[in-house]
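Below, subunit A partners subunit B and then partners subunit C, in two separate complexes.
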Partner chain A sequence: MPPPPHLSFAQSAYHELSLYSHIPAARQPQILRVISGITGMLPETTLEHHLVYKPKRPRQLGQNMELYYLQLISIVPEEQKHGEVEGGYDVKSQKWRMRLEDVPEPTRKPVTSRNVLGAGFGEGDSLGLVDSLGFMLQTNYFMTVSTLIHNNIIITLSQVLLPPTSHAAPNAQYGNPYPTSGLQPLDPARSWVLRAAVRVQSHQDLESINTGVNELKGFKELMRGMCGLEVVERLALDTRVR
Partner chain B sequence: MENPQRSLESTRARFDQLVSALTAFSNALRTEQLPPWQTLQSHFNVLSSTLDSLSHALVQQFPPPQVNASALVSYPLPSFPANSQELLLSTLLNKKLNSTVQDWTLKALNAPTVNNDDLWDRAREIVQEQQEERNWYDDIYSLEEREAGTEGIETGISEEKQEKEEAIPGLKLEAILRFMETGVAPADQPALPMAAMPGTGPMKR
Partner chain C sequence: MVPLLADHLGKCHQPLYTGKWALEHRLLQKTIPSGTSAASPTTSSSPSNNQSPQTHQQLPAGGNYMQYLDLPHYPQRLIVSTPSAIVTLDREFELLVRSKLSALWSPRQTLRGEGVVYEVDDFKVRIANIMQGDVWKGVLVEVEYAPCSTLAVAEGVIRGFVEGLGWPAGRFTFVGKGGGKRAEGEEWSVLDTGRQYCEVLRMGWGG
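Right after this comes the complex of A and B.
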């Protein structure tokens, strides 16, 4: 059953508990099959378009405030894939969602834990809006994401892809996923990233946090021998601008 | 099993639950018209969670016995003809290991501890040897296929895939994640401070 479509303007703020694992290319199909077996569902695979924005420096340099990267994410629509020949991908007409991620908490919990804020843009020129908010595009990339659900755990197996660099087309800085065969993995070894995450409404809700942590621990135990789900280095997930 | 009576009681309650869930399910199936799948699925949900909690409780409260041969004590039955079969009896009851086996055991116990990594490295070598010995690719067609000609049969094994992909130096997980978060290309990422000590990252910036 497909997930309900997101309300195009819906906001979501949640606390995310997660574990990561690095999957070599050769093992990805096997891991996907195993998780598919565990969850009893077929993976839902989508191609996501990510735009990473960086804030322009504020005028008052004296202010000691942290600046964070901002991400815009949209799903490259399935039906457009068939229109690859025409290369019809309009970056402006995509349904963008914004995501702001906090730096993971310094914690002794056996999982990575951080706040995430998401919001849809609804109608209108979302890219123009972000520009006028004082952000500039840092990078774009694409990501093949297979999603599976196990109890409360959202499992994603993803591979970062880069579009070929071309400066001829309009909006080339945003990247064009078509033809999809032109996308090249970021990692020359074509490895994948496995992430198991539980979303909790608030980081103050200790009971839910504990449930989430325990579920992740259980899943880690379940996957032992297949892949090592670990807490990643906190600064690797640092979203602050240096 | 700290309180056997309570363990038994709670296990009984769980079995009762299972029985009632099964009865309800069986009743639902016996109706004239098969109920909609949503109903069946909720029955399944109840059944599976009941079974799960039952098996969990069983494992926790009645753990499988820890069999330890050296802790076992054996007695001959009174009906055993001990007088005439003394030799057999002592052989049967003898718990001391055969002297050759005893030597092996001692040798193993006194052997220097093996580094786990070395051990796995050795295992990998053995597996690789075995892999290379076997011909994986020439013998994948059935007799029927070979008679009909093996051209154009999709085997799922492509010649390219046989090349060892591990030769390419890949990116580390951290590098990929940092690119995903900040868009800074792996080659341009500044080194992380204190990456040497996993798990003891700086608590404060």
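Right after this comes the complex of A and C.
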């Protein structure tokens, strides 16, 4: 079944405007309740599997040419409690999507602004294809994401999780989320990231950009006192390979 | 050439003309990764259909070319093929490669095909002239037989149909997942069709 279209990674190519906030672990349930109240909906929570790939550097890199990290993302299905099914997670039969996020543009806008490109795989060996495109698996992680929608804003509260390391299992380099109770937050303080994002089709569509920026500013005002939504330092979101 | 083949088809059967069709195929070459030996990223022009192991060894791991195939009868996605993998992917993949992977991949060859589609009983026959710009590269024919989903059985049926047409001798391609070695009872998927097209349309690239 395809994921609902509003989920954070389901679209293909767009320009994204966003604001971020750091949420301490103790505040997360309250923040989630408040946003649930604002949006009038319950959060939709999924577990995503992320694979981060680094390109192999070509012998000659042309002028003005950049290399970018590439991600594969899929939704981890709910764990089946069938005792006899060992391992249960097949990384190769997951429905993967490719995502390449551009470095945020230098801008004076009061929001982070970047291009996102992506494409969903259908049939075939997606992991094999990415290998043959000239990419090496760099790291893997899981992310629990609660998604809510407020007008045009996609609001996500997310936490990066790591599986316990096991080198013996086949495909161990990709990571295995099962049992999901074994996943541990990357951040020992168990904090969360709140992100409010608006997608527009093109960065040249100034009218939509302005609408998006204004909606984000409005949401930031709405959340004032609860959490501070900020522009993230551009180079902290740099996806270029150095 | 397309009218000639269509004429042959008409003399043997009562084909039903169902319309025009067009395909697009692009071949990209990988830039040489640092750390590989100086073996040239060649376009071995040998027309040999048998992939000898030697030509494979010259390729960097994973091969050095990628093919996109856009077929109107599978409109949802592109078929993307490299020497080691074949998948279907959203069309936006082309934009992603063009705008962000240009340091890794450069376009080398674009082929376009235009032609006609006929139905003959349970067979669909697609015939197209293949052009590279204004240069005619040949004629491509796809014969589809839908009632059967097992590759091994379908191959015999399709081969028999093609041979019965008395067409000028051409190259018949029928490559399963394991190259020549077909697994028992292997079922057809769109990737099998993609694999045949990519095999024919790469025109000798990569050996």
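In the analysis below, the second predicted complex is superposed on the first by the 220 of 242 C-alpha atoms of A that agree within 3 Å, B and C clash if a C-alpha of one lies under 4 Å from a C-alpha of the other, contacts with A are read in each partner's own complex, and residues count from 1 in each chain.
Operating definition for what follows: a contact is a pair of C-beta atoms (placed from the backbone, for glycine too) under 8 Å apart; a residue touches a chain by one contact, two chains touch by 3 or more.
No experiment lies behind these values; they were computed from the predicted model shown.
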item: A:122 touches, of subunit B and subunit C: first, second, both or neither?; value: second
item: Contacts of A:102 with subunit B and subunit C, given as first, second, both or neither; value: second
item: First (subunit B), second (subunit C), both or neither touched by A:232; value: first
item: Which superposed partner A:50 touches (first subunit B, second subunit C, both, neither); value: first
item: Contacts of A:139 with subunit B and subunit C, given as first, second, both or neither; value: first
item: Subunit B versus subunit C as contact partner of A:26, first or second or both or neither; value: first
item: Common interface residues of subunit A - those touching subunit B in one complex and subunit C in the other; value: none
item: Touch list for subunit C against partner subunit A, complex; value: 30-36, 62-63, 66, 76-77, 80, 82-93, 95-96, 99-105, 189-191
item: In the complex, subunit A residues that touch subunit C; value: 12-13, 55-62, 65-68, 98, 100, 102, 117-126, 128-129, 131-134
item: Subunit A - residues contacting subunit B, complex; value: 20-22, 24-26, 50, 52, 54, 69, 101, 106, 138-141, 143, 160, 186-191, 193, 231-239, 241-242
item: Residue numbers on subunit B that touch subunit A, as the complex places them; value: 165-166, 168-174, 176-186, 190, 192-193, 195, 198-199, 201-204
